[in-house]
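Note that the chains take the letters A, B, C, D, E and F in the order they are written out, and that residue 1 is the start of every chain.
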Amino acid sequence: MPVVHITRRERFSAAHKLSRPDWSPEKNYTTFGKCSNPNWHGHNYELWVTVVGEPSTETGFVIDLSDLGRIMKERVIDLVDHKNIDLDVPFMEGRYSSTENLAIAIWEQLEEHIKELGGRLHCVKLQETENNHVEYYGG
Amino acid sequence: MPVVHITRRERFSAAHKLSRPDWSPEKNYTTFGKCSNPNWHGHNYELWVTVVGEPSTETGFVIDLSDLGRIMKERVIDLVDHKNIDLDVPFMEGRYSSTENLAIAIWEQLEEHIKELGGRLHCVKLQETENNHVEYYGG
Amino acid sequence: MPVVHITRRERFSAAHKLSRPDWSPEKNYTTFGKCSNPNWHGHNYELWVTVVGEPSTETGFVIDLSDLGRIMKERVIDLVDHKNIDLDVPFMEGRYSSTENLAIAIWEQLEEHIKELGGRLHCVKLQETENNHVEYYGG
Amino acid sequence: MPVVHITRRERFSAAHKLSRPDWSPEKNYTTFGKCSNPNWHGHNYELWVTVVGEPSTETGFVIDLSDLGRIMKERVIDLVDHKNIDLDVPFMEGRYSSTENLAIAIWEQLEEHIKELGGRLHCVKLQETENNHVEYYGG
Amino acid sequence: MPVVHITRRERFSAAHKLSRPDWSPEKNYTTFGKCSNPNWHGHNYELWVTVVGEPSTETGFVIDLSDLGRIMKERVIDLVDHKNIDLDVPFMEGRYSSTENLAIAIWEQLEEHIKELGGRLHCVKLQETENNHVEYYGG
Amino acid sequence: MPVVHITRRERFSAAHKLSRPDWSPEKNYTTFGKCSNPNWHGHNYELWVTVVGEPSTETGFVIDLSDLGRIMKERVIDLVDHKNIDLDVPFMEGRYSSTENLAIAIWEQLEEHIKELGGRLHCVKLQETENNHVEYYGG
């Protein structure tokens, strides 16, 4: 049976900063530049989640996009949208909020729940601005 | 010789519904939600076709994009643009018009004709709305 | 007090055709081309609604965007999304579904309800494809 | 002489919240919803500034876009990019950071300086997310 | 009868430079910066043409978009696409190819021909890059 | 340690033509069509460079995006922006300026310098117009 990749996009708006508490403000600024602003900044993040699998002969679906959307909302969007990634998001505790780390954490939030729906998580793509994004394929 | 992927986008606007004739309206609604509306709905689909190969030393081209565009138009766009995918499109007969199935059928429409041009079809990407798309790599 | 324009976008996917029942298929085709396909076609429409007014000194808002969004959903999106504009939409009865006519009808659906919220409807912009859109300013 | 409108886009990423200090958290939440999150959220803002005037017979320019860009950077972008609009931005002191109020304040930052370049500020358009934006024409 | 604005987009790719032949290379560089590169540079221009009028009671159209598209192609796109604006385009002879001047010239190319179709040209919008565009309303 | 792909976009505007000096104008036109216009044409190119690696435990970064941006600017953008690819760009000497060849040459400009920063170049994606782009993965 042929295998197809299917992708759904969701969006969230959040505050964060790049700043290690164990470093001085000077070292944070030297390393992270304007991203270290103590009073935070923020972004409109765009999140694409790709699931791979064989389309069902019954429905033609790899995964029901409304199920995928629900999981993305419950496990990610509801927890990060209009939040501070560094202060409000349990699944980011103990991690610096680089886009790379955020994508890895989102993968961990989703992988098992997508498996329960019969799909296999293939890629988490996370865009921070129109000029930069990351992709994580699970390891 | 280096191998390069080249992609061309075309667009089409079509009607369809997700609804199995052997199911009751209720079961169709439970499974496919608003996509099962009996009187159809529709989309502006975006189609990206990616061909892979070595650039010609004579022209610098993997494939002439006007040739690729012509094949996409003759084999796909002319058959689906301003059509009803479920009623008007011979290459979709006997298939439910999920985006997954439509991408697979488009692959079958294109593969041989791209080979005749000396290219190898790599990916059919089909976007139904700005929030969802599928990719099919041929198996 | 300064006056500001505020715009909210919503989207819907719908089927339609351009075809007068009192004309022959040939005359419809001559006039409307592929848009007259008897079995319908469809689009992802994008709708921008612009309201003008003075920002409230209490909230800084011309209009609460969640109120505006709710009205757009109740009065427009819920009635046209995943529908057939020519068969399923009461507010389009007796009108040909050109983008122009659809924008005028959407204005009529919204104007009073926006007034009740204390705003003034300024513009309905409706995009049918990335290559064409209309704007209606109310007369 | 003909009059032409010319527009330049710049972008900035910033944190903010909608929350009045003289209101209870409950009233702020009832009024501003998730935008009142105490720990802030943020956006990628897009800013379009439109200047109107007659093109110079010497250069064909209404205004030199590099001059306009410099003023936008010095008077707006450098003050808000990677900042907290409510805590870090002098020109927003004493104003709630609704998109409406932010657009008005940006107009005030720019108007005189564009006049000094021989242009006339026509519109400040500010987009907060892909689904909402405001336009301010100066009164 | 209500009046509606309808807009069609076309695109073209062209070379040009900003450089007065009666000025020295130094003065051109001081005035026009990198845009004065003697060997040209180029852009993907996007052109939106807006026509205003009453929708026909017979068709629902302000103007037939295929007629508008044909005029835009014959009078503008075919003359500038894959051309050098400064060397190959008769309607730009004697004008510096600033975006402002190009928009004015496009207006002159279109105005009469749109009138012959029963429409009234309202706006020529011309985008040079994602960060800048001009709008011309005819005087 | 998990591996993440990170991508940065830059843009440039350049002139070029597709035309072999050892061919007649007729043969060039037959092969390259309007792209062979002797007086050049041009594009707004978009360039996405993807680097793959493990995020640093110290910063959370695969690569510092400001370092990647600096290399892209120094090694590519400064050499091609507002230039003629066929006349002004040393790294394109002796190559026809097809998008394929340009992407390969950009890879060669970047690979070593990204390695020096501790990253591994994964993909150069180059878009010539909204309807076509190429991707090069290094061989």
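Basically, a residue touches a chain if its C-beta (ideal position, glycine included) is under 8 Å from a C-beta of that chain, and two chains touch if they have at least 3 such contacts.
The shown structure was predicted, so the numbers you read here are calculated from the model rather than taken from an experiment.
How short can a path of touching chains from chain B to chain C be, counted in steps?
When the steps are counted carefully, the minimum from chain B to chain C is 1.
Taking each chain's centre as the mean of its C-alpha atoms, give the chain farthest from chain D.
Centroid comparison gives B as the farthest chain from chain D.
With centres defined by CA atoms only, which chain is the most remote from chain C?
F
Find the pair in D-E, A-F or A-D that has over half of its contact pairs, by residue number, in common with B-C.
A-D
State, to the nearest whole Å, the distance from the C-alpha centre of chain A to the C-alpha centre of chain B.
One centre to the other, that is 28 Å.
State, to the nearest whole Å, the distance from the C-alpha centre of chain B to the C-alpha centre of chain D.
41
Which chain F residues touch at least two other chains?
In chain F, residues 130 touch at least two other chains, as defined above.
Judged by the touch rule stated earlier, which pairs of chains are there in contact?
A-B, A-D, A-F, B-C, B-F, C-D, C-E, D-E, E-F
If we count contacts the way the header does, which residues on chain E are in touch with chain C in the complex?
Residue list for chain E touching chain C: 2-10, 50, 55, 59-62, 65-66.
Which residues, counting only chain E, touch chain F once they are in their complex?
11, 13-16, 34-35, 37, 39-44, 81-84, 87-88, 129-130
Within their complex, state which residues of chain E touch chain D.
Residue positions touching the partner: 18, 31-33, 95-101, 103-104, 130-139.
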